[in-house]
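Below: the structure, in structure tokens.
Just so it is clear, A, B, C, D, E and F label the chains in written order, and each chain counts residues from 1 on its own.
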Amino acid sequence: MEEWLTSLKTETPQQGFHPAVKLARKGVGLTQPDAEVRKKLRPVYAEDADSLTMASQVIAIHYQTIAAANDYWK
Amino acid sequence: MEEWLTSLKTETPQQGFHPAVKLARKGVGLTQPDAEVRKKLRPVYAEDADSLTMASQVIAIHYQTIAAANDYWK
Amino acid sequence: MEEWLTSLKTETPQQGFHPAVKLARKGVGLTQPDAEVRKKLRPVYAEDADSLTMASQVIAIHYQTIAAANDYWK
Amino acid sequence: MEEWLTSLKTETPQQGFHPAVKLARKGVGLTQPDAEVRKKLRPVYAEDADSLTMASQVIAIHYQTIAAANDYWK
Amino acid sequence: MEEWLTSLKTETPQQGFHPAVKLARKGVGLTQPDAEVRKKLRPVYAEDADSLTMASQVIAIHYQTIAAANDYWK
Amino acid sequence: MEEWLTSLKTETPQQGFHPAVKLARKGVGLTQPDAEVRKKLRPVYAEDADSLTMASQVIAIHYQTIAAANDYWK
């Protein structure tokens, strides 16, 4: 099985954003595994203000998880 | 009764994604138990950008729960 | 007063899903107490992909609460 | 000033639902203080499946807060 | 710079609602700094049931933060 | 790589709002990297009540993370 997430730990808060984005996209990928369909949908959400805000919100929820996993990089 | 979730514990963060997806789908399954209806709806949400983002968000909330259950795999 | 929730504690993670579903439905029931109206609305949300995802999300938030209440069944 | 919330503490998980509902409604009340307008809107959301799910979700977030405030009634 | 939030601490759970409402409105204010535009939009959301529920949800998320900041006023 | 977030720590609750807004906007920026497209979308969401509320909600989720990272500025 493809390894796409080895740890929630990152060096910095900024780096913590990447696994959050990856997790958000993986949630879409597991719901719609067909990459062609996802590619076809990209212009639909990437040029819609509310769709972009919704995508940012999923990232925000995952970032909350990543931040807790890293004890907020204290 | 069918056993579909024995534990929230997983070995790795990546494995933690599966119970999160299962819980998200179970929430739909318990709300609409008819598998035929759910099957009929699949092309509707699986080919709609916002629907896919909404599905990813439910997974994100459950993943937050799974990550806390696993002490973030520290 | 009808007793519909005695405890947040359950034996297993799978059993924890039931109070989460019950709490989600109770939130609807307290907002719309008329069972006839709720019954009339059932086919509307139960055959709409996004409505089912929204329902699953409310369950996910309550499940997060139940899981914390059970120390994640560690 | 009208006292509408003295404590987040309740005896039981079921009782904990009431301050959650009150807080959710207060959020609407502070955003739209005109009771006549709110009354006029009631049939709109109370007979719409997604509106009822959205209302239940706000209650779920507040219930999460109330449950934590009561150490999950352990 | 205008000081609009000095602390998350409040005496009571009821008082805790005010910084939550302020934070929710500040999120709108920083996204749309033009007070005239915001004023023009008020009748749109203040007389729409779902818009009012969405506003209440943002307050609920901030109230969760405020409650944790005050150790739930135990 | 451009450094846009060095720490989640801020002196005050009010200052904590800025990284929350930055994180919310970064989630949009990483989903739609084309600044011209984002600029074109601005009048769409900035003059829509529900879009502004959705944006405020993403900020609220990030602010929750920032507040926890700062131990609620106790």
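Operating definition for what follows: contacts are C-beta pairs under 8 Å (C-beta built on N, C-alpha and C of every residue); 3 or more make two chains touch, one makes a residue touch a chain.
Just so we're clear, the structure is a prediction, and the values are computed from it rather than from any experiment.
Measuring from the averaged C-alpha position of chain C to that of chain E gives a distance of 27 Å. For the pair chain E and chain F, the distance between mean C-alpha positions equals 15 Å.
Among the residues of chain C, those in touch with two or more other chains are 45, 48, 50, 54-55, 57, 61, 64, 68. If the chains shown are joined wherever they touch, the resulting network closes on itself as one ring, and no chain has more or fewer than two partners. One full turn of the ring, starting with chain A and passing chain F second, gives A, F, E, D, C, B. Chain E makes touch with chain F in their complex at residues 3-9, 23-28, 30-32, 37-38, 41-42, 44-45, 48, 50-51, 54-55, 57-58, 61-62, 64-65, 68-69.
Per the touch definition, chain E reaches chain D in the complex via residues 12-14, 17, 21, 45-50, 52-57, 59-61, 63-64, 67-68, 72-74.
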